[in-house]
Amino acid sequence: MLFKVEMVVKLPLDMPKALADEIKTREKAYSQTLQASGKWRHLWRVAGSYANVSIFDVESNAELHELLFALPLYPYMKIRVTALCRHPSSIRDDDK
Amino acid sequence: MLFKVEMVVKLPLDMPKALADEIKTREKAYSQTLQASGKWRHLWRVAGSYANVSIFDVESNAELHELLFALPLYPYMKIRVTALCRHPSSIRDDDK
Amino acid sequence: MLFKVEMVVKLPLDMPKALADEIKTREKAYSQTLQASGKWRHLWRVAGSYANVSIFDVESNAELHELLFALPLYPYMKIRVTALCRHPSSIRDDDK
Amino acid sequence: MLFKVEMVVKLPLDMPKALADEIKTREKAYSQTLQASGKWRHLWRVAGSYANVSIFDVESNAELHELLFALPLYPYMKIRVTALCRHPSSIRDDDK
Amino acid sequence: MLFKVEMVVKLPLDMPKALADEIKTREKAYSQTLQASGKWRHLWRVAGSYANVSIFDVESNAELHELLFALPLYPYMKIRVTALCRHPSSIRDDDK
Amino acid sequence: MLFKVEMVVKLPLDMPKALADEIKTREKAYSQTLQASGKWRHLWRVAGSYANVSIFDVESNAELHELLFALPLYPYMKIRVTALCRHPSSIRDDDK
Amino acid sequence: MLFKVEMVVKLPLDMPKALADEIKTREKAYSQTLQASGKWRHLWRVAGSYANVSIFDVESNAELHELLFALPLYPYMKIRVTALCRHPSSIRDDDK
Amino acid sequence: MLFKVEMVVKLPLDMPKALADEIKTREKAYSQTLQASGKWRHLWRVAGSYANVSIFDVESNAELHELLFALPLYPYMKIRVTALCRHPSSIRDDDK
Amino acid sequence: MLFKVEMVVKLPLDMPKALADEIKTREKAYSQTLQASGKWRHLWRVAGSYANVSIFDVESNAELHELLFALPLYPYMKIRVTALCRHPSSIRDDDK
Amino acid sequence: MLFKVEMVVKLPLDMPKALADEIKTREKAYSQTLQASGKWRHLWRVAGSYANVSIFDVESNAELHELLFALPLYPYMKIRVTALCRHPSSIRDDDK
């Protein structure tokens, strides 16, 4: 089941660089684990913004919440979730 | 080069069903041709709305405009375009 | 899987009353069938508006879209969908 | 008398974890007491957000205000209240 | 129990004047009956707009909805409802 | 001359409780003096918010500004002012 | 007593030109009468829009409403009213 | 050439009063110099807000920017600029 | 003197194609005359929209209004105007 | 390929002047290098705001992101990107 998830990150301007780097490193590792598992299906940068557009493929709303809630950058994010479903004109089998 | 394109369709309430069906049939054929060509990379329905979330893969802004402008449903759509680029944490080769 | 669905209805001011009544009668029957099946779990009127707040319990985003798309009043509605999940403080077993 | 109440929580990023935990523990206990009493009828998490959708069943606007004002997380919340009433198509006796 | 109700009226530009006058006459009579009963406690014009700010005093959300739904101008209105309660600093006994 | 005034209060989360209490005490006294004088005609709490809906009865815009500007909580408020006038359907002599 | 009044005009696209011209002619005459009387103190066009920014000098909110309500273009306008008062730094005697 | 300029001031809540007073004193002097020169043609307080509505009469956009940028309160302001021009119905020679 | 002008066009869905074509032909000719004169300095299409971003170089707000008001598509446009001036970091002599 | 980029700068009110000056100096140098290279084609100040309107000419969305992300003022900016393309009525060869 697919969801579009849009995340905008806003780190405090006075966050020490070492802390920011450490969080970003954990975020990247976490994100890549979820991508490898197929749960985080797509991840794109929005040009010009510290933001991304993502597609998640999960079993349920609850699983989606758990995955997002565990993001290392979660406390610094605004997240918008949009439930998607197969489009009747789609020709891609996995855009279910 | 990737763009997120979000389309919301609003047909006039008094449009004859035959006309609406004819336009939708052309829209579907056009959309599937673009999907087959790889230009319209993803197409999802927004649950509960006559709207979609799409990913286009085009050579330029100009090509994107031409493809969208030629949509049979174009006169009845609100379209929002967001320029995307590769995310540094992405592990998918083609989410460029 | 639960979703909050908020529907605002706007009938054309010049819709013949007989037609409006006929659509509303079908809407009511359809809504009550879905409520009886457990899919449309709650349905409340927003005080002062031709609008409702509903809770749907469905298997997937796709099922939610199908149920909403088949509403007799669908062409006259604005619909907003919000994915819900169990709250860690909830004590109701079925507010999953 | 039913109200939809939507609460979005925003804790200061520099709040000590011990304090945050202590407030959340009190919030959970308070919320469960109200749920057990029937005043806080439903409580759902919004997927992807530190936010909830709730249904309150109270005697009056004044009682609603008192219950919300006493939330341990109240100073950190944005709260939106919507007055609900029975929908003429509802088949649930208690969705009054 | 008090509610602030804000109503904005938008008549179709091509509504025949006789029809508009007839609806307005019924609206005025209905409004004055409710004012006389104490249900529609205050009614003010917003300067420069075809809109009003009103205070209703009703037994329940349901009663409020019934009263508003029966307004002759209801199909032409946008209505916003805000639940009020006694302010702890108020010195007026009936601003309950 | 009547104005609807809507005030939303936002105290800094780190304001010492003693200071907050002192300001609120002055606010209450000031508000009750204005109410007793007839200038602050109505004062209601918005259910679920640290906000009020008020009706002021003043000689001029300038007097309104002076009264609001002197509110002890003024630096912590968002204030919206709406000019009101007698509604042609009103039956209350003093809702001028 | 001064008010900023902002008016945006939207004539129906299918209004016959003769009718539009007739309304505009009456609007101009009415506006110039009010300007000559001192009630409509300033009138500027917003560059690029069928809109104006005006300053009215009236005795009361009620007088302001009457003057605006009588505008020949009133049914085609969106009007926003802002109550003004003398600025403590103003050096113009009549910007009261 | 005329511009409507709307300024909303927001001083930090913890700014020392002496500093705030010093900035305001300079602001007032600066504003009165510009008013005397004819550049800052009108200046009104918005009732109930720390905000003003102003009319500037300048040679160019660049001059407008320079004048505003030099405001002592500039770092604490939100400023909105609207280009104005003579209204065809205006009867005041200097509302050019 | 430079202005950014953003125009969004919305033709009525039932406008006869011949009429639309005739207006567009006149719009194009008018636009090209202004471009040739240097008044309409830049003109770009917004990708995916019937909209443009333009830069005008005019003597005054009044001239800008006259030029825009004379656009054949003016009655079908939403226009937003932003006053620009030379940026202190600009190295282009004519981006004045 | 052209993009309109709108940047609004908001420096923390308590940033030391020396630091602000140092960042602005680097920003200016960076901006002028990009302008000289042709990548940052136009740069205008918005009158009355610490904001600019820019036109970028880049090879791809990715290049645009890299250029913007490297702005010394990037952490203090809100940036909005709009994809542009040649307008069919344009007569300038390089407004591609």
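The chains carry the letters A, B, C, D, E, F, G, H, I and J, assigned in the order they are written, with residues numbered from 1 in each.
Rule of thumb we're sticking to: contacts are C-beta pairs under 8 Å (C-beta built on N, C-alpha and C of every residue); 3 or more make two chains touch, one makes a residue touch a chain.
In UniProt terms the chains read A, B, C, D, E, F, G, H, I, J = Muconolactone Delta-isomerase.
Keep in mind that this is a model prediction, so the values were computed, not measured.
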| item | value |
| --- | --- |
| Over-half contact-pair match to B-C, picked out of the listed pairs E-F, I-J or C-E | C-E |
| Centre distance in Å when chain D and chain H are each reduced to the mean of their C-alpha atoms | 44 |
| Whole-Å gap separating chain D and chain I, where each centre is the average of the chain's CA atoms | 50 |
| Where chain E and chain G are represented by their mean Cα positions, the distance between them in whole Å | 27 |
| Junction residues of chain E, two or more chains touched | 2, 45, 47-48, 61-62, 64-65, 81, 83-86 |
| Complete list of chain pairs which touch one another | A-B, A-C, A-D, A-J, B-C, B-I, B-J, C-D, C-E, D-E, D-F, E-F, E-G, F-G, F-H, G-H, G-I, H-I, H-J, I-J |
| Partner chain J, residues of chain B touching it in the complex | 1-3, 60-62, 64-65, 81, 83-86, 96 |
| Partner chain I, residues of chain J touching it in the complex | 2, 4, 27-28, 31-32, 35-36, 42-48, 52-53, 55, 82-92, 95 |
| Chain D-touching residues of chain F, taken from the complex the two chains share | 13, 45, 47-49 |
| Contacting residues of chain G [partner chain E, same complex] | 5, 12, 61-62, 64-65, 68-69, 75-76, 79-81 |
